[in-house]
C-alpha cells in the first residue's frame, strides 16, 4: 500500500495541511513511526510522543499545531476516530488468501460460485450452496448444503455455515465462527423441574429422573447485509422459523445467539455475550461484554448494557443498564455505593437499637 | 419428507381429528404456513394467527376446537411440546453430508470404521480410532488416535475429538466442539499467590515472580450414551483418570468443562456455563446460561441454577439457586428486593439517628 | 513409556525409598492402579485407597510410611504437586500426530519449515510463514501469511494463527484456538449512544439510528516464549500496534483477549475470562474463571480475581478481588454476609422506627 496524503485526504473527506504529495506506506503509533508511516496522533496526549518516532506526517485533531511537532504535513478530519475507519480500510494488507479456487478445496458441482470469488485451501462448499460475487472464503471453511452468501463476503479460516443459512451482502466472519448449529431445545415426557421451578418461583424444582428428548431445529438462520461475526461465536438455527439477524449487526468473539432470537438492525454485541432462545433485541442496542439475556425477553431499541450485566426481565427502549440482575445504571451506582457501606449500616443500626432500648428503659 | 397425518399421529402416539389422509411436507408457524405444511398451534395464542396462513392442518392442544379455525384436521397430543420432539425428528432434512467415505477424507488404515458410516470431505480419522455403525462424521472433523465413538454418532463440521476419548452411542456434536483438550493445570515450584490467598481468605495473595510448570493431562474423557454437545464447547481430559460425562447429558454452545469433572446422567448444561476442575454435578441437574461452578465443588442431584449464577460453594440436592454468589432463589429474590430499597434504608436510618440523638438530647 | 523408579526420581530431583529398579509404565489413582503403574498418593487421604488397587509403588509425601501400605517402593518429593509436572511430562503418550509433513497438508512453497517438524493431515501453512524447529502442527491447523512460530510449538487440531502473528518458543495451543482475528472496533459518523452514556454516567444513552463503520486491525499479535492457549480461545490483533502477550502466560479454554491488550509475563488466565480492548494486566496476575475486565483498564502485578469477578475499574498491584463489581475479597465477604442479613435489617429498622415514633409520641 502506497498513498500520497492527498489521495488519503480525498478518500476520507479530510483536509491536508502542508505537503500533500508526501507518500506513506502504512500507519503507526507516533513513537514507533518510521519515516514513511503516517502517525496516528488524533489526541494531544498521543501527539506528545511524536518526537520519539520518525514520522513526517500525522493524522491529527482539528486545530492541531502540526508544525510545532516538526512534521511536514498533517491530515485533519473533523471526527478523527471515524476517519480511522476509512484509513484503516485503505491500509489493511489482508490475510493473503490468494485468488481463485484453490485446487485442494472441495466444491460440490451443484454449488453456484459467483464472479471473482476466492476459495482457500481445503475449504468445503456443499451441494446447492451459493457464494456471491467478490467473496473470499478462507482455508478450512465449510459452507453447507443450500446455504447462501451474498456478494463481498469474507470468511476467515475455519468458519462453519450450516445448511439453509441465508446471509446478505458484505458479511465478515472471523476464524472459527459457527452459524447454524442446532438450537438447544430438549423436553421431558412429563413437566420437568425447570418448568415447575418457573411456575413456583423456585419453591419446587426437584423432580423424578427423566430423560431429555431432542427437539430438532427445522428453521435456519437469516442474516442481513453488513453483518460481522467474531471468532468462535455461535448463532443457532430456529426451531420452526429462522433465527433472524438484521442489517449492520456486529458480533464480537465467543458470542452465543440461541434459537429463534431476533436481533434488529445496527446492534453491537460485545464479546462473550449470550442471548438465550426466542429473545428479541431492538434496533441500535449495544450489549457490553459478558452480558447475559435470559430467554423469551424483549429488549427495546437503543438499550445499552454494561459489562457483565445479567438481564432476567424485559428492558424498555433507551435504558442504560448494569448489574446482576440488571438495574438502571444510576440505580446500580447508588445501590452499590450502599453495598460497600453495608457493614457500617449494620453497626449503626445495632448502636441505634442499643441506644433506643436504653432510652426506653430509662423512661 | 411427506407424511399423512395418520402416519404422524401413529409415530407420536397422538390422535388425529378430521381427515387423517391429508399429507404434509413440513411444519411451520401458523401465520407462515403453506397449504401443505402442518401448523404448530400448540397454544391458543399461537392458533389465533392460523387465519394469516394457509394451513389445512395443525398440531393443537387437547380440547382445541380445530373446526372453528377452518382446518380440515388436527393432531392432538396430550403434551404437545413433547410430541414436537418426535415430529421435528421426522421432519428434519439434515445437513446433507452425503454417504460413504468422501475421497478427500484422510482415514488412517488402522482405524476401524463401522457399517453404514458417512465420513465427510476433508475429515481426518486417526490411527486406531473406532467409529460405530451408522455414524455421520461431518466435513473437517478430526477423530484422534485411539478415540472411540459408539453407534449412531453425528459430528457436525469441524468437531475435534482428541486421543483416547471414549464416547457411547448416539452422540451428537455441534460445529467446532472440542473434546479432549489438555486440562488447565499448572504449578509453581514454591506455593503460589493463589494457594496463599485460599489459605488466608484473601489476606495475602502477592508473591514473588514464579514460572508455571505444566502438569500434563494423562487421563482421557469418558462420555456415556445419548450425550449432545454444543457448538465450540470444550471438555478437557483428566489429569490421571478420565473426565466423566454420564448418559443423557446435554451441553449447549460455548460450555467449558474442566479436567476431572464428573457430570452424572441427564444433566442439562446451558450455554456459556463453566464447570472448573474436579467438580461433580449430580444427576438431573440443570445449570442455566453463563453459570459458573468453581473447582472441587459438589453440586447435588436435581439442582437448578438461574442464568449467570456464580457458585463458590457446595449445593445440596434439589436446590434452586440464583445470584452471585449463589443463594436459594427465594432468598435471592428477597435480598435483591432489599438491594433496590437500600438507598431508602440509608436515608431512614440517617433520619432515625437524628431523631434518636435529638430525642436523647431532649430528655 | 517405561521407566524405573530410579530414572523417574533422578529426572524429578526426588528420592526413592525401597526398590529403585522397579519399572512402571504409567501413573494412576491409587484405587485404579495396575501392578505396573505408579500410584499418585501425594496426600494421606489419597493413600487410604491404595489397598483397593494393585500398586507396588507410589509417589508420596515426605515422611509417608510407605511400607505400611504394602508397597515395594515410594518416590518422595518435597513438593509432590510440582514433581507431578515433570512426571506427567515423562508419562504423556501425546496425540499421535505422526512425524514429517503429511502428504495431504498444503504448505506454501514460500513458507520456511524448520528441522524435525511434524505437519499433520490437511493442515495449511500460508505464504512466508515460519515454523520453528521441532514443532508439531496438528491436523486442520492454519498458519497464516507471514506468521512466525518459534521452536518446539505444539498446535493441536484446528488451531488458527492469522497473518503477521509472531509467537516465541515452546508455544502450545489447544484445539480450535484462534489467534489474530480482527479486533472489535466500530465507529459511528456522529458520537454514539455508548460514548454519550459514558460521558453522562448513564443518564443519556439513546441516540438516533446510526450505522457502524469498521476500523480495520492493522496490527498483529506478539506472543512471548512458553505461552499456552486453551481450546477455542481467541486473541485479537491490535488496531495499529500489536496485541502483546508476555513470556510464560497460560490461557485456559474459551478466553477472549481484545485488541491492543497487554498481558505481562507469567499471568494465568482461567476459562471464559474476557479482557476488553486496550487493557493491561501486570506480571504474575491470576484471573479466575469467567472474570471480565472492562476496556482501557490497568490491572496491577500479582492481582488475583475470584471466579466471575467483573472488573470495571483499575486494580492496584497485589490485590485479591471478588464480586460484581470487583471488591477486595475481605470486603466482598463482609458485604455479602450483610446482603444475606439484609431482609432482617429491614425488619429491625422498621421496628426501630415504630418504637422511636412511639417513644416520641409518648414524650
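Should a chain be cited, it is by its letter among A, B and C, assigned in written order, with residues numbered from 1 in that chain.
Quick note on the criterion: contacts are C-beta pairs under 8 Å (C-beta built on N, C-alpha and C of every residue); 3 or more make two chains touch, one makes a residue touch a chain.
These numbers come from a predicted model, not from an experiment.
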item	value
Neighbouring chains shared between chain A and chain B, ordered by label	C
Equivalent-chain rotation between chain C and chain A, CA atoms, steps of 5 degrees	120
Same vs different contact residues, chain B with chain C, by half of numbers used	different
Rounded Å distance between chain B and chain C, as computed from the means of their C-alpha atoms	23
Touching two or more other chains - residues of chain C	122, 140, 158, 176, 232, 254, 272, 290, 324, 339, 342, 345, 349, 352, 356, 359, 363
Touch list for chain B against partner chain C, complex	106, 122, 124, 126-127, 140, 142, 144-146, 158, 160, 162-164, 176, 178, 180-182, 184, 186-190, 192-194, 197, 201-203, 205-207, 209-218, 232-234, 236, 239-241, 254, 256, 258, 272, 274, 276, 290, 292, 294, 310, 312, 324-325, 327, 331, 334-335, 338-339, 341-342, 345, 348-349, 352, 355-356, 359, 362-363
Contacting residues of chain B [partner chain A, same complex]	26-29, 32, 40, 79, 81-82, 84-86, 88-89, 91-96, 102, 104, 120-122, 138-140, 156-158, 172, 174-176, 226, 228, 230-232, 248, 250, 252-254, 265-266, 268, 270-272, 283-284, 286, 289-290, 301-304, 306-308, 317-320, 322-324, 328-330, 333, 336, 339-340, 342-343, 345-346, 349, 352-353, 356, 359-360, 363
